[in-house]
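Everything below concerns the one structure shown next.
Each chain carries a letter (A, B, C and D) given by its place in the written order, and its residues are counted from 1.
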């Protein structure tokens, strides 16, 4: 039995998920879609023989839908996630879980009230083979105990609508989640600075201290010009392990010997998306959540908010997390 | 509708294909399996809810089987492929198509008699993203016109049963196919030499001339000790393009900064196997063969036989190919 | 005419300089040496036919000495440098110029009084071909305007006598100088933190803001176990340029494909030392100082002291530099 | 005492040697130069305070010259080398030693008659740190016993005057020497082929068998367009070791992450030239020859002639070497 998935929002991300499921995830199939743009919904649904729902709510309640993927605009995420919980259906929600920590907490509370986890956040990097190898290297003792992490996140260019805060909440948040997962540790303090004092404050440098003491540096540069590039080095007491961007070929031409850096975050993490969807479908069929949880979504909000506050003040911010409920331990 | 696949032979390769199909190829599902070892057949069939056929022939003729994958011992391939052709069913046959060129030609003749292609050979490297990028680089004019190719194929160690001829027919044959495909060209002559004059003649160095004149060097070393490693550089008149082995992480430890080289050819080409099975299933559903053909299987036999002859004599061997039938053009 | 050089202190560093001069720097020759350990002085002097002075002061005043290299213990540097200035002789002084900024300033004052520069500090990295290419890339506009720099400095292990402050003043100080030189900019603020709260605070993470706003991250880890490793990436608005450690060969062995990382800072920077000595000798013959100056030595003290203060308090420290005298502009 | 060196021929190579000696080789100094182009001779001599000889013969006989470097046109090498032997002066002769094997043998005979070695051939790669590490890796047992070597030699473009034979005698000859030295072995047979049948036969692929059986592949491509690039991998029974081109920095820009490949063979081997001249000067002062000998020059002629013959016929050629005289063992 494959999981019958309803997809809410079929923009670039939603359409890519549908394509991945239909070509590479036998454990699931897309049974229904919904989008505010009805024409687009039909255009995406037809090739995969999916139905088109009249509303997001109708999709969630549909008897043809076992589980839901939320790819609609950010401000709709929390309510839709709670509707899924109310319907007792597993849901994969693209980040953020909610626009504010308070709203994320309402989703957490809904799960607590339901007495079980249903929500997985779309932090797909946790499924990237490179980050997996890094985490395994640490857990296996290959590099000793963790002491530092250095992260770099670069885009070729940002949308003109980008804001300094949006760089923290939209881009840096991926780094904030991955270091928690790599280290199995919580962020205690964060400081975010920029060499650019006015206008779009890009790039940004975050310095983070984990509760264990481990220090993390994070560069986010959304107008780095040369391409989409994500780097990470985990420094241990007996060695270090680093992410290697996937490049199946190299070229020597015109005085350069190198590899291509593409401006394509979906392409960079295509393996991660495929493995995420595959694992999520299996977990949903088994009634469990092993991926990033609603709690991780809440933490992301809190840490990002602390980062935004730091960016404004230049000072170090504590990360005021609620105690973690047992459901998420 | 997914393709209902019957798998003949469920050793390491067959079991891996079944696993790949069930976890990553929605276009297909394994409906029946057969193996000489009945216990093994049941053990593999049960987790994917597949039936167990009483014989390879019964599987081929089964009404629950739309298409067949042949992973049984080499000497059975040709007859099984012909049985699939007789049954009008698409078949993915692991290499070799047959033990001799003559037997491969009998499969080609069966397709010619049937008036259509049904057989795809398991030269999975043609689906590897690295080789794909290399071929695209040539086709796109990124490196000018091809002049040379340098191939390296290394295993950590060979089975004790390995023979000097088996290195050509079992390992080098992958290189022989891939250069034909990369260059869209045919091998004209081959010479195979070894630094080792007696016993197992390993490593071997093949020097090949394509009909276009392009020269190819191929090292095959099945006891290279350090791991499984496949390299390829395609040299053009304005640049070169090279294969980069997949390594999602690197490690600095104990005085070395490097990447791992594993002794695992299935792992090295896991993407290729997945993409091969996915494309084959789509093609089978559409009644076409776009992958390596029975003709490619025949050519592999002829070229490998020329290589074996050269290894014995030390001289250059012409590759005496029959004219290519129109069905394969 | 080659420069007749007197070398004060013939421990590891002094002996290496003598060897480099005698084998690779025709512009200079070692004419006299002095060391507190007289036997060692003779052992080093004889192979290069140098005299042995009875005291550091005698060496400085010797008519057989045109210029001086100071490799004696740190606390002797300032007085010896001032003696060289008094004698009107060019001097290459290993870092630090003095143990305190105040003492460094006394050397600066001596130069100001003399009305000319005679002192060059031993920040040899400014002569390293990699850092040179990085600086040129920035100056040539290859990477746009500078926005960030990421530095990493790792030793395999530290002496048992290492102190937390000594990591800043002895190791990090190289990074503090090189970023000033790479960027042609001055450090405005520095913050130094460590994941290790007690005992030897190693590794350390410095976050630095230059006067232009450029942000710099610096990891120093003197017990990184795997080897001596120095990294640097300069991030610009249109690209980045990075240091590549020198490795003339790579090895594939025992499941790893990589390059060696040796525990040898003199070997890592052997080209830099050679080019430093060669340029210094030419400059000394011409009566000029183009390398790092006494002022750079003073700045290094001040910035390092700010770093040490920050390490104690955890807070950001301003770098209280005196105005730069015209002599050094 | 430094070696007083006379340089015959001050074109690009001669001028570079003079520059290297005067800036980086204290063991030598250039005391006299000669060139057919008298103006050029003066222009080069003056900055290093060298005299200008009236003829090559006068330079060799000059009482101000202890040793000679020959950088004049190829056809003059053998006679000049013999004049140096007659004068009892050490000589570093750029390759080739002579235009024919017969003429090289006349130089060898002159040394045999003199009863001592005086000639070193300018095969500078033997001093390259990368090749040194490769040879050491083999000698130290790091990669087991040698089985194969793969060499690549590429120039961006060739002079319009290049000939197919000249590619063998002028470029491939470097590879032919280096594999003999890396392996401490002699070439038994050589075969040279090209994908290009007419006009300039470029690139060329040589397949070589050493007396020990080790097989060597050599690609030479003097119009490879993208830059000057020399590669080498030595394959042993327990691992492989490869040359890494020197690149002190890498750049990420415009969609590429890579290192530069320059069109500059002198720059690529600048360390090798420096170390060659330094070692030669020391050896000359000590009256010994440790570098490539006149015999190596003779062998280069014979092997290259066999390569040229093979290129014409397409067949494998034996390398008909005379027995090695004891003087060179």
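Throughout what follows, a residue touches a chain if its C-beta (ideal position, glycine included) is under 8 Å from a C-beta of that chain, and two chains touch if they have at least 3 such contacts.
Chain labels with UniProt names: A, B, C, D = Inositol 2-dehydrogenase.
If you're wondering where the values come from, they're calculated on a predicted model, not measured in any experiment.
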| item | value |
| --- | --- |
| Chain located farthest away, centre of subunit D (Inositol 2-dehydrogenase) as origin (C-alpha) | A |
| Relative orientation of copies subunit B (Inositol 2-dehydrogenase) and subunit C (Inositol 2-dehydrogenase), as a Cα rotation angle in degrees, nearest 5 | 180 |
| Chain centre separation (subunit A (Inositol 2-dehydrogenase), subunit D (Inositol 2-dehydrogenase); CA means) in Å | 57 |
| Distance between the centres, which are taken as Cα means, of subunit C (Inositol 2-dehydrogenase) and subunit A (Inositol 2-dehydrogenase), whole angstrom | 43 |
| Subunit A (Inositol 2-dehydrogenase)-subunit B (Inositol 2-dehydrogenase) separation of Cα centroids, rounded to whole Å | 37 |
| Numbers and ranges of subunit A (Inositol 2-dehydrogenase) residues touching at least 2 other chains | 225-226, 238-240, 250, 252-254, 259 |
| Residues on subunit D (Inositol 2-dehydrogenase) engaged by subunit C (Inositol 2-dehydrogenase) in the complex (per definition of touch) | 2, 21-27, 29, 128-130, 132-134, 137, 142-143, 238-244, 246-254, 259, 274, 278 |
| Touching residues (chain side subunit C (Inositol 2-dehydrogenase), partner subunit A (Inositol 2-dehydrogenase)) in the complex | 144, 147-148, 150, 152, 191, 193-197, 203, 205, 207, 209, 212-215, 217, 219, 221, 223-226, 235, 237-240 |
| Complex contacts: residues of subunit D (Inositol 2-dehydrogenase) adjacent to subunit A (Inositol 2-dehydrogenase) | 225-227, 229, 245, 250, 252-263 |
